[in-house]
Amino acid sequence: MAEAAAEVRDRVQDSFERQGLMEHLGARISYIGPGEVRIVLPSRPEVTQQHGYFHAGATSSIADSAGGYAAFTLFPAGTSVLTVEFKINLLAPAEGDHLEAVGTVIKPGRTLTICRLEVFGVTREHRTLVAAGQQTLIQVEARPER
Amino acid sequence: MAEAAAEVRDRVQDSFERQGLMEHLGARISYIGPGEVRIVLPSRPEVTQQHGYFHAGATSSIADSAGGYAAFTLFPAGTSVLTVEFKINLLAPAEGDHLEAVGTVIKPGRTLTICRLEVFGVTREHRTLVAAGQQTLIQVEARPER
Amino acid sequence: MAEAAAEVRDRVQDSFERQGLMEHLGARISYIGPGEVRIVLPSRPEVTQQHGYFHAGATSSIADSAGGYAAFTLFPAGTSVLTVEFKINLLAPAEGDHLEAVGTVIKPGRTLTICRLEVFGVTREHRTLVAAGQQTLIQVEARPER
Amino acid sequence: MAEAAAEVRDRVQDSFERQGLMEHLGARISYIGPGEVRIVLPSRPEVTQQHGYFHAGATSSIADSAGGYAAFTLFPAGTSVLTVEFKINLLAPAEGDHLEAVGTVIKPGRTLTICRLEVFGVTREHRTLVAAGQQTLIQVEARPER
């Protein structure tokens, strides 16, 4: 798929780097397209639940950011994105060398944008859907980013 | 409110301490009652989104754990809890000295348990509801915890 | 609890009566308070699923309307309410002489309002929570009602 | 797409015909495939909300049934399906000559099955996505159907 315009990619990447949580988890953006963003989270003990799988909170965190930035790629400059709500099903134990969250806009809008969220557990051989969800975002006037 | 029995509290606390993510975020359990668990997350740059508020993923992570352990307090020994799905609305910018997530069982069951999730932003003076959600958990046979 | 102002009750009741679905199902409003609306749906074969319980769609329909009108009680005149999304857990077989759906605003807002949804199965002796959910509504400029 | 086996189609159709609500709304099954079921609901005043669009409850009702039967196509004989929960976003005013709800299994399971829900507003010229959601179903021992 084609990447988003350079200006959009920069805007997303800059904002992402201001998300302390993403850096703290060890997540990074792997793809920025128009209406689609992907985020990778490598496996490490700091993101696990009690059985050693990725914690649902870690899975949800990258899914939320992926969807939020997917919406943001379609917003005009000078606006910000906030998550209104999301719902996510944990479909299988989240394991693998890394997770990849894919946020995809299914309905853009001037006020509200709706995204599909998918998270895959990835190893050298397999790519397994481990979580799926749906998210509502709102476009607001730009707020100062720290 | 009364606390849960010591055996239950120990079981919850032990499992919680095996959640690498909770320690990595800096979260700790503040209350374990029958069908209700509370988790506190202090404010720090490592849990923020781009505007400096708590990231929706951090908010959701402690909400998910609070609900999961709330269900777990009602499970018999020798079982484990897994999150099937949850839905959460971010109601207000999540700010404060710390967040407190409250998970409360609204419908216990042998297979599925349903919890209400609430997250408050707390300062010395205020306690503001910043997120609210609902979660479905499943009871499974105990799995080895790492 | 106190009822909403007469003007508000009239506005809600008028709008409700224009919902062809509510009349077709046999539903009626049982309470209109500020930020809370209740809708009753009597048991009848026309609202069942295959086992003879109330269909999840019937349960959801009155829950959706109850939440929508609960939000609407807090909106200024000259506005309309639309459902953005809702999530509902079916907690128990929905049975009883009638269902009562209770929509309650948990976070009012100029653009978005969030409601809690609860549905009870009611007999002469019992009142059982059969469904619980959460809903996001949006305030829009008044549209002509048919 | 290929249809489901005749035995499965009969099982789904028989169960559907016992859903009083579906008949009362005027809904009918338009497709039964393995892991996918489609339900059509013609436009009529009996299924509207206050602006004359399809009511979110009607949209949700056929989405819920479509997903439930999509799961059911993959269940062994002698079992029943119950909705655990669903979440649905109303993306656009639901209008058209009829709605078509599409339920698709995204994760089958022995206990829980997860479906994607989509509803389209259909006219002679257009097919517009008006709602999208996600649903959790549980497989239970067959219960007597009325």
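In this document, chain identifiers A, B, C and D correspond to the written order of the chains, with residue numbering beginning at 1 in each.
We take it that a residue touches a chain if its C-beta (ideal position, glycine included) is under 8 Å from a C-beta of that chain, and two chains touch if they have at least 3 such contacts.
Remember, it's a predicted structure, so these values are computed and weren't measured experimentally.
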{"item": "Subunit D and subunit A - chains in contact with each", "value": "B, C"}
{"item": "Between B-C and A-B, the pair joined by more C-beta contacts", "value": "A-B"}
{"item": "Averaged-CA centre spacing for the pair subunit B and subunit A, given as whole angstrom", "value": "22"}
{"item": "Euclidean distance of C-alpha centroids - subunit B vs subunit D, Å", "value": "33"}
{"item": "Chain centre separation in whole Å, for subunit C relative to subunit B (CA means)", "value": "29"}
{"item": "Residue list for subunit C, restricted to those that touch at least two other chains", "value": "84-85, 87, 89, 133, 136"}
{"item": "Graph class of chain-chain contacts, one of line, ring, star, complete, other", "value": "complete"}
{"item": "Complex contact set, residues of subunit C against subunit A", "value": "84-85, 87, 111-112, 136, 138"}
{"item": "Parts of subunit C lying in touch with subunit B, wherever the complex brings them together", "value": "87, 89, 91-92, 106-107, 114, 116, 129, 132-134, 136"}
{"item": "Residue ranges of subunit C touching subunit D (in the complex, touch as defined)", "value": "15-16, 18-25, 44-52, 55-58, 60-62, 64-65, 68, 80, 82-90, 133, 143-146"}
